[in-house]
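Note that the chains take the letters A, B, C and D in the order they are written out, and that residue 1 is the start of every chain.
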Amino acid sequence: MRKTVLNLKVISNLQLNDDHHLLELQSPDQLETINPGQFANLLVDHSPSVFLRRPFSIYSVDYLNNTISVFIKEIGDGTRALGKTPVGSFINTMFPLGNSFTIPDEPQRILLIGGGSGVASLMSLAQILSKKSNEVSILIGARSAVDLVELGHFSKYGTVYTTTEDGTLGTKGYVTNHLIMGDQLAQFDRIYTCGPEPMMKAVALIAKEKAIICEVSLENSMACGFGVCLCCIAETIDGHKCVCTDGPVFNSTQLKWQI
Amino acid sequence: MRKTVLNLKVISNLQLNDDHHLLELQSPDQLETINPGQFANLLVDHSPSVFLRRPFSIYSVDYLNNTISVFIKEIGDGTRALGKTPVGSFINTMFPLGNSFTIPDEPQRILLIGGGSGVASLMSLAQILSKKSNEVSILIGARSAVDLVELGHFSKYGTVYTTTEDGTLGTKGYVTNHLIMGDQLAQFDRIYTCGPEPMMKAVALIAKEKAIICEVSLENSMACGFGVCLCCIAETIDGHKCVCTDGPVFNSTQLKWQI
Amino acid sequence: MADLSIKVHNLELKNPVMTASGTFGYGLEFDDFMDVNLLGGIVVKGTTIHPRQGNAYPRMAETALGMLNSVGLQNKGAHYFATDIYPKLTKYKTNILVNVSGSTIEEYIACAEIINELDLITGIELNISCPNVKEGGMAFGTSCPSIEAVVSAVRKVYHKTMMVKLSPNVTNIGELAKSAEFSGADSLSLINTLLGMAIDAETRKPILSTITGGLSGPAIKPIALRMVWEVSKAVSIPLVGIGGIMNATDAIEFFLAGASAIQVGTANYLDPSVTIKIIDGIDSYLNRHKFNSITDIIGGLHM
Amino acid sequence: MADLSIKVHNLELKNPVMTASGTFGYGLEFDDFMDVNLLGGIVVKGTTIHPRQGNAYPRMAETALGMLNSVGLQNKGAHYFATDIYPKLTKYKTNILVNVSGSTIEEYIACAEIINELDLITGIELNISCPNVKEGGMAFGTSCPSIEAVVSAVRKVYHKTMMVKLSPNVTNIGELAKSAEFSGADSLSLINTLLGMAIDAETRKPILSTITGGLSGPAIKPIALRMVWEVSKAVSIPLVGIGGIMNATDAIEFFLAGASAIQVGTANYLDPSVTIKIIDGIDSYLNRHKFNSITDIIGGLHM
């Protein structure tokens, strides 16, 4: 679907835990295809301290009801204000933005690795991959069990593995400490990852060692979200690329930090 | 009562007509004496376009319930935001500010003349004057009958006369067109007025001609409200005076525009 | 419908709303959102003779109703522009100006010479005010002799409209404006960004890789208005007002202060079709106040 | 509880939080709201040798997270200050500085001489940066020779701490800071307001009677931070940071950029006890980051 700016109606706002909200936003118009990995740029009203839009991965799309969902972790004034948006009000939304994860032509064995709010960009990916008969495994890392709020959804699309830093659920430690990241990794054709940069770097390094294709979804501070301000660059082997248009998804071998 | 800044709870928000609201704000602390003519300076939250506080006359005080009321006419972003404040939420309020109308030691015949949202500063004045056995008459001017929303309250404290520009209630025209402003005016010992500047100037001129004491309550654009920014000056015969501390009430003969 | 057309020297605009360099890409990025042809003109991204990578990441910091950027003129160079981008822009039926920058006078000249060959580029905006490059840029725009040197040098090789974009980071913008006028500028655009800085108190680091960057957005509007007004008294060539314009009311303020046209910058990021709303809003304002033409309010501030 | 005390040259502050001239009256207006003695110091209203009525009304315009003022140094003169106001201030146990201004060097000298006699006034802040007066004021603060003239003249007659307040409306604030240092300033405070303008589009009039005025508030913080950082590299005397400080985080940013103390201005209007919250917030920050003293973070920006 082409980029657009619309006032989307908040038709539900689920508080998942202390600081995570899932907002479902309804479009007045028929939605066209939105690809997994794409994001939306939300305007925060009524906040003197938030000037620019705030980018969020499109967590899921419901073409029947013409809704998209965004998964919001509160970390500052913008996300706190958005998390509080009452049902029935409107959020001015620019979407869909950015490129998307590669969907293989033939079914493959694919490992998705998410950390923190990075899991948001993997949900619709998991859904589409499983629909296209890929064999999907999902490894999710979090600080603690309470932060693992979306496991139920993921388990519909594949096998879910977890790690927590405090050991309250799954393997104790980081995602890279999980058994699956060891010898078992060779079974996968592709890895798709989104999460904190150190995590993605570590995953990309392991993927490279094992020669597995790895796509990462980057975050960045964005002023526009559609390629005009040139603020959101990633350093790639082909020079500076915009995360909002050339990305957010990059093949990890394209990125300088990988080398 | 000394000046203070408190979060006051909105315990009622009456929409009086299209663009007028009466907000009742409750203090957590016992209120001390607030004098008629004093004002409050309200902070407008959640509005990127409103930076400074907004001043409003204290319309009435309820010492039993520790509430003050403010009468708000929506004219810009600040008043519109305040008018929408939901019951139960809090408004950060600096009050009571400014001087007050003179309350005569002995009962007198007093005419209050209000125009537009200026009537707000006359309500608690009418109440106190009538309580102290003064003979109170109240002349209120408005554009149209729909804007005359507070007549019922005033009639508890004195005889109410009205003018409307469109003639929908009372005498057609401005307050200065009312019969009472003619020969009958001599019966009054004092005139207290608050409203648009042209109205107050006209009233003050007539009062001067008839040698009746006249106090006017001025508006002004204010940055602080408590005498430190020196932005809110009125030109008086003694030089620049601050409307927020030396006023808002001035004897009209003090003001340069009177001469 | 009031007459919104305006001539800025020999640049004919169907309406006074243009877009500011660095905030509108090459226009193409806006095709999804709006009809670019409705604009008076667009000024494309800052262009230099050699390709530039721009500065390292991070390049952006949000501030109180504003933002800092330190992009540093990232662009693929004038040749690439001429061969790869320009052909895509020929579909537009509006004025396209190229924002020309350089580290040396020779670079400015070389870049302007290339742009001079492009038929459908109606003018250049000479950027002597970029705060985000180590050499040249703003340095040219902060003293009279250097303004005279670069403006008159480019004037010799560039034959269409030359708008000179002034830096606000100066003591006396009126004097500098006069230098630009004297050296052959056809019009002046102002302001570029104000030099600012942002710090992350938690990490105790500057937010921008370059430490300082250029401030734009509503925060700077009062300064921009003052400068347009000051310059309008100093020179007689037309002015294009820039700085924190978010809506038609802001635009009107710039016309009243003396600008013949305006450029919208940061506001495009928040609402990519804001310029269309501004054009409509200017028209409504003129109708409401019973003016027939935009020219009726330019410099029309009552004292 | 971290050690918040700091010496700004020979000015001993119990904590680095002061109030900015023109935004804190004479302190007395704040007695209802807070304990003024908890502050590191206060700078009272701009004072001139002769009484000044200031500019005509209107003097204030609200802007995007900021405000313009054109008060124009309304005050009753140095003699009145000495005889009528000063006695009321002797109750305070904190540093009181007088902000000294003038239209000529002689006026600066005369005013400073009077203030020099007042025992409990620990210093002056030499205001060479007021944008709201027709003569003198900012004109003194925008060129090196005039800074040198006024600062060295006042230095001869004033024997306690002399803080010089710099104007931001300049091309190169580092150079001007050096002039002030060289001419005898003990410390520098910055920034004063930025020259701006506001227009009412409906009435088509400037909002301020003086057309232009001084911009303050959060909008200017990025510019103020940048200037403090730039000046901290140019001089070795201590700096006092001013500009848009609304909370402790803002204050910390100024310390990191190189300020030894800060002044809170416009924020006092919104919350008259904001300075107390800022002091507490600085203390919490230092504790949370395990610093023992405010001196640990001054100029502590990691690159």
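Just so it is clear, a contact is a pair of C-beta atoms (placed from the backbone, for glycine too) under 8 Å apart; a residue touches a chain by one contact, two chains touch by 3 or more.
As the structure is a computational prediction, the values presented were derived from the model and not from experiment.
Participant: Following contacts chain by chain, what is the lowest number of steps it takes to reach chain C starting at chain B?
Facilitator: When the steps are counted carefully, the minimum from chain B to chain C is 2.
Participant: Any idea which two chains share the most contacting C-beta pairs?
Facilitator: C-D
Participant: Quick check: how many Å separate the C-alpha centres of chain A and chain C?
Facilitator: 36
Participant: Per the centroid of Cα atoms for each chain, what is the distance between chain A and chain D, given in Å?
Facilitator: Their C-alpha centroids are separated by 47 Å.
Participant: For chain A and chain B, let me know how many angstrom lie between their CA-based centres, rounded off.
Facilitator: Their C-alpha centroids are separated by 56 Å.
Participant: Give the residues of chain C touching no fewer than two other chains, as numbers and ranges.
Facilitator: Residues 61, 63-66, 217.
Participant: Two or more other chains in contact with one residue: find those residues in chain B.
Facilitator: In chain B, residues 48, 51 touch at least two other chains, as defined above.
Participant: Could you draw the chains as nodes, link the ones that touch, and say if you get a line, ring, star, complete or other?
Facilitator: Its topology is that of a ring.
Participant: For this structure, enumerate the chain pairs that meet the touch criterion.
Facilitator: A-B, A-C, B-D, C-D
Participant: In the complex formed with chain A, which residues of chain C make contact?
Facilitator: For chain C paired with chain A, touching residues are 22-25, 29-30, 32-33, 45, 53-54, 56-67, 69, 71, 74, 217, 266, 268-273.
Participant: Using the touch definition up top, name the residues of chain D that touch chain C in the complex.
Facilitator: 61, 63-66, 68, 142-143, 169-172, 194-199, 201, 203-206, 211-212, 215, 217-223, 225-226, 229, 244, 249, 252-253, 256-257, 285, 297, 300-303
Participant: Within their complex, state which residues of chain B touch chain A.
Facilitator: Touching chain A: residues 46-48, 51 of chain B.
Participant: Please output the residues of chain A touching chain C within their complex, sorted ascending.
Facilitator: For this pair, the touching residues of chain A are 2-5, 43, 48-53, 94, 220-235, 239-240.
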